[in-house]
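Following are the structures in question.
Across the two complexes that follow, chain A remains constant while its partner is chain B and subsequently chain C.
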Partner chain A sequence: MNQTIESIPHTTVSETVIDDPILSAQDLCFWYGNSQALFENNLDIAPRKITAIIGPSGCGKSTHIRVYNRIFEQYRGQRASGRVLMDGLDLLAPDTDIITLRRRIGMIFQKPTPFPMSIFENVAYGVRLHFSFTKRELEQKVEESLRAAALWSEVKDLLHRPGTALSGGQQQRLCIARALAMSPEILLMDEPTSAIDPVATARIEELMLELKQRLTIVIVTHNMQQAARISDYTAFFYQGRIIEFGPTARLFTKPTHPQTEEYITGRFG
Partner chain B sequence: MMHRHFNHEIELLKQRILKLGTMVEDAFMTALASIREHRKDLAESVIAGDRHIDQAELDLEEECLKLLALYQPVAGDLRLVIAVLKINNDLERIGDLAVNIAERAVFLASAPLQAFPFDFSRMSEVAAQMLRQSLDALASGQIGPARQVCLMDDEVDGINRDMYEQVKNAIREHPDRVESLIQVLGVSRALERIADHATDIAEDVVYMSSGEIIRHAYSLAAATRAETTGKH
Partner chain C sequence: MAELRLPHRSPGARKAMDVFIRFFSVTSATIGIFFLCWILWVVLKRGHSVLSLSFFTSAPPSPGEGTGGIYYALVGTLKMTGLACLMGVPLGLLTGVHLAEFGRHSWFAAAVRFCVNLLMGIPSILVGLFAYTVIVLSVPKHYSGYAGAFALAIIMLPTVARTTEDMLLLVPDTLRESTLALGIPRWRMITGILFRAARKGLLTGVLLSISRVSGETAPLLFTALNNNYYPKNLGRPTANLTVTIYNYAMSPYENWQRVAWGASLVIMAFLLGITVLLRTLLRERSHR
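The block that comes next holds the complex of A and B.
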């Protein structure tokens, strides 16, 4: 189908109120050079819930979560304006401690990115940089993180094998373990299962449901069924704007915006 | 390509539920005619035709399950498939009730022609109109006419209650006609239930089109009122 939506998307009108959001993006804009990618978006993230961000390619969903941990600053010509509040502080403020920010907000990417080192070292590396643990404490932290990422039973006898020797799904769980070892409050996941098979995907989804007991997850996904299965809230992005945000069960049965309906039913995008 | 195929399947599903609606409406109208005209042959055709309705119901249910399993529809598409699944069931029940009326028509056609102290015309007219209008609403997806159907149900319920009283009195006056009168009461009861199913269909059309569940809205509101009144 080559249907497209001709009308300019509406700016965010959200009837869903999140009490005590852990993150609150306010009037968030983003530019790649002179090209604006996000337009005055407002989005509150509920603590210890999974929020899914969906939308067609190029709609700004990855751009949005890349603002949360300021990873975009690694690239020239990219800039954001507006505010992202966490504990009442603006994460975009120049005096924000980036190292602490990235410890509190971990990130998982589409392709697993294990370091070229052993499974143990993949998890221990960041821990050593951030915390002064004894050897015993470090070993405990690595085991605890691998268990939390549902990988321990598969790798406990292979800890000194290279992380890159694991299967795709295992590598992604290793990356999750590496992020969890930093004790983050928020985990950003940018299409974390698009490069792995359905069985490995199911394991990661189960893992996410377990992890939300203690941390907040924001996931960008192209897989609508995945968003419907695992998330508590869903935001639909289109052309850099948040068109609709609400509880996932409501958004997937009774979307209020026609553009959301057309996208999730596959009539465009 | 997948979506084009799915849209095609959805269109087919709509056509099939409307076709079933037409079959059921035909059966109902023929059953009414068999009562009105004392036509045993018409009644028998309704009874014989029911297996086609049953088969169509099974086929449609299978089709809905297939669409749910293969395409995992969401939003309006999901509501449509769920509404069709439920309406399918209501239509099959109306088909059975048309058979029920036809069976009573067979009995009444062979009984001596008698003038009853009441007539079905208003009740059957309203029930038939409700079915017609709920099916029209299903075809058009319009909420307004669907809501009207729900309001019409009260009249049929009222006539059915009156009919019960009238039959009771008639039995007292003509104890020799008790069997025929009980058949007549059965027809009235079937009409009342057909009107209930037409209301269910209309409620599902409202859900399908708007996502709003209006079922039990009236009784829930009345219960809330009663509770509130009770507190004071």
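The block that comes next holds the complex of A and C.
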């Protein structure tokens, strides 16, 4: 295993330059206890674009985006080194306010996780904590978020029903509405459609294309067609390293690294 | 064909063993249930005759004359159990939160978990003696309902703590992550989301601990003692059901013995009620 890692060509400088990136990971390393999962990666995220992260299982895709909102800190033994710059400030610095950071960078997970409360409360719960809205403004915010998540028309008469009563795809859009209600600048999505059916997946992909008008999306996906369909940029991860990064159309048609080509043509992974 | 040459054992011995084991397990189960039914039957037979509304609302009878009731003891038990809940439940809940949420890998939590398990196994009479030493023998120097509630709270604590830990650990980490990812602080996640997600489990722990203490006699014998008067406040020796049963059942007066049987039936019905409630709660959990 270690030998193969050593033999992989290391791309520290990506060929594609992003002007004015909203997030910039520099020399990012990550450890689960003593085992290193990310190796001095550099990745710039373009604002108001969709960046897809692809690669075989265990290559560090999820690990990478879990650094952006520091959610990994919840677990003992997981640590990151390097820098992630947002507005010129290092997110990984100890004095970063993690509550504000997570308000600005939302996250959607593989499995929809509605809170054990009503649909309205699911969206309102976080809003109340971060903003001091009047009751009226709060209701508006909830409606606006549910509309932005393309869920309003389906739930507007069921706002007081439990969030868990919705279908899987609806639950995932509820989670997106919940995240949008925080007015985030960036939305991280960790395989957001791998647990839901194709029709619901199509709706969420459509939604992502709408959302990128106003915010930045970084999506981890196992589904290469999905990456090709919706993303503007793609990063290919392999064994903890970013092998290739570039505009999606270029990366899928003219990959410059043999591993990328092998992966996207389905020869491994 | 090669199979035929293998040294197969005859199925006879295996079948005989099966019958043997099955016979003994069924017999053991029947014996267990038999004694339970016998106890229930005796308590019901001896206790039901005194049961009436006035049994719950009357003062204890004088020795040898009148029927009377368990009003004072019932109020005393409810007051002490209630106070014990006020002390034991928050403490146990927070201990469980520490074990499940903050101390999954710390040596301190491991030590606390060990102590809680130990506390769960300590005979209740020792808890009674402890409360007697630190409360009854201290400043006011007399038996009191407060000392009784204190002893009961100590008995409740480990049950609530362990159930809370177990129930919080059943909440998937994905829910924790998605809560934290919204920028919700950890304490709000615990009180607002996890408690809500695990509410039935937490209630189960509280009910379990109440059912544990509702039959305790030994810790009250050294602390609340008993009293023939209405338990207006818990600063004095306090009437309670279990010590009443203990005293009256041992007495030579036939009417006291009847009250003891009636009180036993009341406690038994209460426990049965809690058990049914627990089963309903847990069944709803598994159906979700």
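Just so it is clear, the second predicted complex is superposed on the first by the 258 of 269 C-alpha atoms of A that agree within 3 Å, B and C clash if a C-alpha of one lies under 4 Å from a C-alpha of the other, contacts with A are read in each partner's own complex, and residues count from 1 in each chain.
The rule is simple: contacts are C-beta pairs under 8 Å (C-beta built on N, C-alpha and C of every residue); 3 or more make two chains touch, one makes a residue touch a chain.
All figures in this text were calculated on a predicted structure; none of them were measured in a lab.
Engineer: Once the two structures are overlaid on chain A, check if chain B and chain C clash or fit side by side.
Structural biologist: By the criteria stated at the top, chain C and chain B fit after superposition, with no clash.
Engineer: Go through the superposed model and pick first if A:G58 touches only chain B, second if only chain C, both, or neither.
Structural biologist: Neither partner.
Engineer: Angle at chain A between chain B and chain C: what is it in degrees to the nearest 10, using CA centres?
Structural biologist: 140
Engineer: Thinking of the overlay built on chain A, is A:A228 touched by chain B (first), by chain C (second), by both, or by neither?
Structural biologist: First partner only, chain B.
Engineer: Touching A:R103, do we find chain B (first), chain C (second), both, or neither?
Structural biologist: After superposition on chain A, A:R103 lies in contact with chain C alone.
Engineer: Should A:P255 be classified as contacting the first partner (chain B), the second (chain C), both, or neither?
Structural biologist: First partner only.
Engineer: A:G33 contacts which: chain B (first), chain C (second), both, neither?
Structural biologist: Touch partners of A:G33: none, neither chain B nor chain C.
Engineer: According to the contact criterion defined above, which of chain B and chain C contacts more residues of chain A?
Structural biologist: Partner touching more chain A residues in the overlay: C.
Engineer: Rounded to the nearest angstrom, what is the minimum C-alpha distance from chain B to chain C in the superposition?
Structural biologist: 32
Engineer: What part of chain A is shared between its chain B contacts and its chain C contacts?
Structural biologist: In chain A, no position sits in both the chain B and chain C interfaces.
Engineer: Quick check on the complex: what are the chain B residues that touch chain A?
Structural biologist: The contact residues of chain B facing chain A are 2-4, 6-7, 72-79, 211.
Engineer: Using the touch definition up top, name the residues of chain A that touch chain B in the complex.
Structural biologist: My answer: residues 1, 224-225, 228, 252-255, 260-261, 264-267.
Engineer: For chain A, which residues count as touching chain C in their complex?
Structural biologist: 69, 71, 74, 76, 98-103, 106-107, 109-111, 113, 115-117, 125-126, 129-130, 175, 178-179, 182
Engineer: Within their complex, state which residues of chain C touch chain A.
Structural biologist: 104-105, 172, 174-185, 188, 192-193, 196-197, 199
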